[in-house]
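Next come two complexes built around chain A: one with chain B, the other with chain C.
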Partner chain A sequence: MSQKHTALSKIDALTQRTLTIFGIVSASFILLIAFFITIRGIIPFITDNNGAGAVNVWLFLTETVWLRGPTFVSSAYGVGFLIIQTLYLAFLSLFISFPVGVLTALFIAKIAPKRLASVLRSIVELMASIPSIVYGLVGVGLFLPWIHALARALGQQSAGGLGTLGVMIVLALMSLPTITAISEVSIRSVDQSLEHASLALGATPTQTRFKITLLAAKSGIFSSAILAIGRALGEATAVSLVAGNARSGPNFGLFNITSTLTSTMLEGMKETVGIDYDIRFSVGIILMIVILITNLILNTLKKKVGNVHA
Partner chain B sequence: MMTTVFNIENLNLFYGDFHALKNIDMVIYKNQVTALIGPSGCGKSTFIRCLNRMNDLIPEAKMEGCVRFDGEECQIGGYDVIGLRKRVGMVFQKPNPFPMSIFDNVAFGPRQQGIKQKEVLQGIVEKALKQAALYEEVKDRLTSSALSLSGGQQQRLCIARALALEPEVILMDEPTSALDPLATQRIESLINDLKEDYTIVIVTHSMQQAARISDYTAFFYMGELREIDTTEKIFKAPRLKQTEDYITGRFG
Partner chain C sequence: MRKKPWRQVILDGATYLATLLSVFALGMIFFYVIREGAHLLSFDLLRGDYHARGFVGLVEEETQGSFNLTGQQGENRYLVERLGLVLEQSFDLAGDGVIKVAYIDEASPLRRLTNQDPTSEQSFIGLETGAVLRRVSYVDHPTSLTSRGAASMARDMNDPDRALREVIFSTEGGGIRGSLITTLYLIFITLAIALPFGVLTAIYFNEFAPINRVTKAMRNFIETLTGVPSIIYGLLGITVFVPLTVRLTPAENANLIAGGLTLAVILLPVIIRTTEEALKVVSQDHRFASLALGANKTQTTFKVVLPQALPGILTATFLGIGRVIGESAALIFVLGAAIRDSVRIFEPSTSLAVHIWSMMTDEPANIALSSTIALIILLIVLTLNLAIKTTVWAFDWKGRRS
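And then the complex of A and B:
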């Protein structure tokens, strides 16, 4: 009996140690990535880049032009406008994906008949699994001509539809499944007794859904928006296909060409060397910092919003 | 002759194939407390939910017969459920305040009716909280979260929330089963005060509670209303042996 007991507690200890190791390995991947990107990305600032000169950090962060002039020199790179455009586009896409996603989630969770709800859930999962390049192709093939036509109809210039509006739509489509799926789960897990209380107070089902159900699910809905922002900030492939890769900015107009940190990193990556190659790792550092800070701010905000009456 | 609020005639309720309420005939008197007692699964909660039509939310529930409120015509389909629920409030088993401020909880019902003026809402909220004997405890923190209140306070808040619509009837489905004895006592004395102005129907598992607070007691068993009379009669000299056995704790 006691022998068996000892054996079991040994297994317990072993399991615990193994799981700890797995945890540490997983966590160290992110450190490894951050370390690698930082080591590579810091080169342009601390070396003279084979005669091109060291990049000035302040100018790099605040400049409004990327790759000025015909040659690769240290003063040619500025990401200030890219940071602004990246954040602008991510939040802009949320203007479409957030309301559409949350309302879809409400429909699936509360209104759709069971069969339809499960079909819609599968569609949302499928949308989430479509590779980003496909979204980019749909953007190029389908939306750009429409946007171009729309711009013409409004008497505006557009570069064949490339630019802010296209990126906004593509990013919105890509983050829609994230918002829908996570909001739907949080709406479904709202305590039904709250909804019953509302109905028993003579509120209509519609009033109950918008005033009570969404309110009670707001923490999960907010989380879905944070994840969507994360996805939008980090998307490269689809964005670079429809952005137009503007080299100066910031541009805010819907029909203006634009660019993001990621699309700039991606563009020409394979055909370049020296400082022009290394500097893309520097942009990677900036991207990670931007995402980190955005997440920190949004999570603080979420705690504040969530804690008000929870 | 006492005025009746509810006239229930030949009420039957089915959950799919399950016959949950069988041929209930019953009258509920105005400004009286009517207690519904009986063993678990006897249909008393199902019955109380017929009075404000909460069973309508269960797709497989089918109701037959008549529940006539305030002398209205007998109607089952196409009934103005929303209008009914404004006049027949409900308090649930577990306190279920909304995740919003104390003030907003109480103001919720009136706001859904389109009342927006701040002064009017303030008046309604204050009055309802006073009626629910909660005002003194929360008057300095009306804007703080309802979830910061204790269980007993939350339940009184839920009562205030129902009172804010100035209903005629308040249905209570085991309102104290999740509360400690002290909080239970406060709710019971509150019920005693409220019957001046309201008709109260309460489901309870506690015989002592039924005896303490109710004027009428209805004993349900297996979906049937076995006996209803004044509480005094039910507890002192019930007509049926089964009622006596249940009250004295011989089964249930």
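And then the complex of A and C:
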């Protein structure tokens, strides 16, 4: 609408110009991030890293061990197993958080009386605002002993409970409010006439909720899952506390120790020079690419799913 | 005709169960943090140093006396009449078992010990009430250790045959003052940067920006920031903001300004979106009325539109504070995880969340104190949530009245 007004006064022109700068700077941060991390992250691949030799890109992407050889001497870093584990853990956590989250959303939107619904909504909001480090702490203090006991009961080895199952639970807890909140909004905005029609045709309320409402809201529900995956892929501190920081892999067993791209980036942050430090930026690039590709694939999938109307 | 009622029962049951599970999850978090951490919560914890300062004092002259300590008896308190001292089996701020000096007589010989620290200029040090006794050694007798308990230490010290040689003690550690102050600094620095920046950007997009492909792309770029994991912001912080602040300020290394700048970028999309939503609901009529009265666009925007968006800005502020308090990964990268007691803006230190991380990655992890800090964080988050609700509610109420 601003352009519709005739010539801006001098002061307005100045304001506009100043504000434009703010807009441009705000928009350029993402480019800044991409630029600087690429610059720093590419160093290990193109320099000889003080005698350690350049990191081989192909091996870096496919290797099953974080570092072969001694630190600062070897350049045989690899994140192949980390990529697989990161994706595995993120999707695994969805097995808990997705059903629980969507069903909770269904309850809040369609079953709960108004009062209860608003209380539950506040609970979900509160859960969403709990910092990840607190989830990590509860994971270590509460879940790890349980997991350890469970592993013992099943006759399995476990490193004090550290590993896949712990990460799965912590990530599920963290993404639960995201899934619930977004699914709830999309379930609530389903056209009521669809539901009325279903009920009028003789379907029970339960049938209507599961076969009509959830189906009609699937696009929003899918979006909530995409956001949850994105959050799970990038989560660092909570995961690093419960993962056990495996240095090789990939490990898939529920009681095996594991690691992710982010937890490895946090490992050994005390080093501030040399290749062992620079390599973290390379892992950062990989993390960004993994998140980007996952998002692209899931969004394409969502479009396909969303277009098919039952 | 009911068809397969059991199936519906299962589906309904699953829905109820899922909801219960969600509520249970939150309850469990609060329950755990309160159970593990509530007992350590105190004002001393908020005020205290994290690192205990240790002292080694040599006992030069020992007056064999007998002090009158009546009235000092109590549970877990042990009297040392020979030295005018009362020991207490107690816990430090972090919940570790220690032996504290509960009382020391004015004339006690332990008030004046020769300082054994060669780097210190202080030649005499003294035990004071509240000090933590670590070890007491004697001439020709085995040393009294904390691990044997206060009763044993008091008995040894009271033994007239044992001549005291060295007293090793420290201040009480485990407080979180440094991290608390750092968190406040970070909130202040971050908001001071992010709020004006975000609000002005929101004004630009909602009031001044033309709607075209370029501004659309700019909006998309800002929206993309929300999907970037915080650890990546940490990388941005060390590559851009730390060198920048080192060059422009007296800082020589990672510092709180760089941390605040990093957090400001994290907050930016949140503040822009929240403010813009508030700007959008400002009635178009108000803008036209202001313009019709002869105000120019700048005046209209800043004097008519912006004040009405204040609740949105307030909400953005609360959201921002919550984010700063909870942020850990980015800050670990920018500021490291070394806990400090004296906090300076041009030096690194830890926020409360990073304090937890630092203790949890220690061997052995201090879960009790971590839970206490988590409890403090949860209380703040709860308060912020209520504040946001109140803001929205008050705004709605005012909106309906006018």
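Convention: the second predicted complex is superposed on the first by the 278 of 310 C-alpha atoms of A that agree within 3 Å, B and C clash if a C-alpha of one lies under 4 Å from a C-alpha of the other, contacts with A are read in each partner's own complex, and residues count from 1 in each chain.
Heads up, the rule we're going with is that a residue touches a chain if its C-beta (ideal position, glycine included) is under 8 Å from a C-beta of that chain, and two chains touch if they have at least 3 such contacts.
It should be emphasised that the depicted structure is a prediction, and the values quoted were computed from it without experimental measurement.
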Seminar exercise, completed: Winner on chain A touched-residue count between chain B and chain C: chain C
For this session: Go through the superposed model and pick first if A:Ile108 touches only chain B, second if only chain C, both, or neither.
Result: second
For this session: Considering only the touch criterion stated at the top, classify A:Ala216 as touching first (chain B), second (chain C), both, or neither.
Result: first
Exercise. Thinking of the overlay built on chain A, is A:Lys303 touched by chain B (first), by chain C (second), by both, or by neither?
Worked result: neither
Exercise. For A:Ile30, is the partner it touches chain B (first), chain C (second), both, or none of the two (neither)?
Worked result: second
For this session: Please work out whether A:Gln207 is in contact with chain B alone, chain C alone, both, or neither, and reply first, second, both or neither.
Result: both
For this session: Check the residue A:Asp191 against both partner chains and state whether it touches chain B (first), chain C (second), both, or neither.
Result: first
Exercise. Of the two partner chains, chain B (first) and chain C (second), which one does A:Leu199 touch, if any: first, second, both, or neither?
Worked result: first
Problem set entry | Doubly contacted chain A residues - partners chain C and chain B | 204, 207
Seminar exercise, completed: Residue positions on chain A within touch of chain C in the complex are 2-3, 5, 8-9, 11-12, 14-16, 18-20, 22-33, 36-37, 39-40, 99-104, 106-108, 111-112, 120, 122-127, 129-138, 140-142, 173, 176, 180, 204, 206-207, 209-210, 230, 233-237, 240-241, 262, 265-266, 269, 280-281, 284, 287-288, 291, 295
Exercise. For chain B, which residues count as touching chain A in their complex?
Worked result: 52, 54, 57, 82-83, 85-86, 89-90, 92, 94, 96, 98-101, 108-109, 112-113, 145-147, 158, 161-162, 165
Exercise. Of all residues in chain A, which touch chain B in the complex?
Worked result: 191, 193-194, 196-204, 207, 211-212, 215-216, 308-310
Exercise. In the complex of these two chains, what residues of chain C are touching chain A?
Worked result: 2, 8, 11-12, 14-19, 21-23, 25-26, 28-29, 32-33, 36, 197-198, 200-201, 203-205, 207-210, 215, 217-219, 221-222, 224-225, 227-233, 235-236, 239-240, 265, 268, 272, 291, 296-298, 301, 322, 325-329, 332-333, 336-337, 353, 356-357, 360-361, 365, 367, 370-371, 374, 377-378, 381-382, 384-385, 389
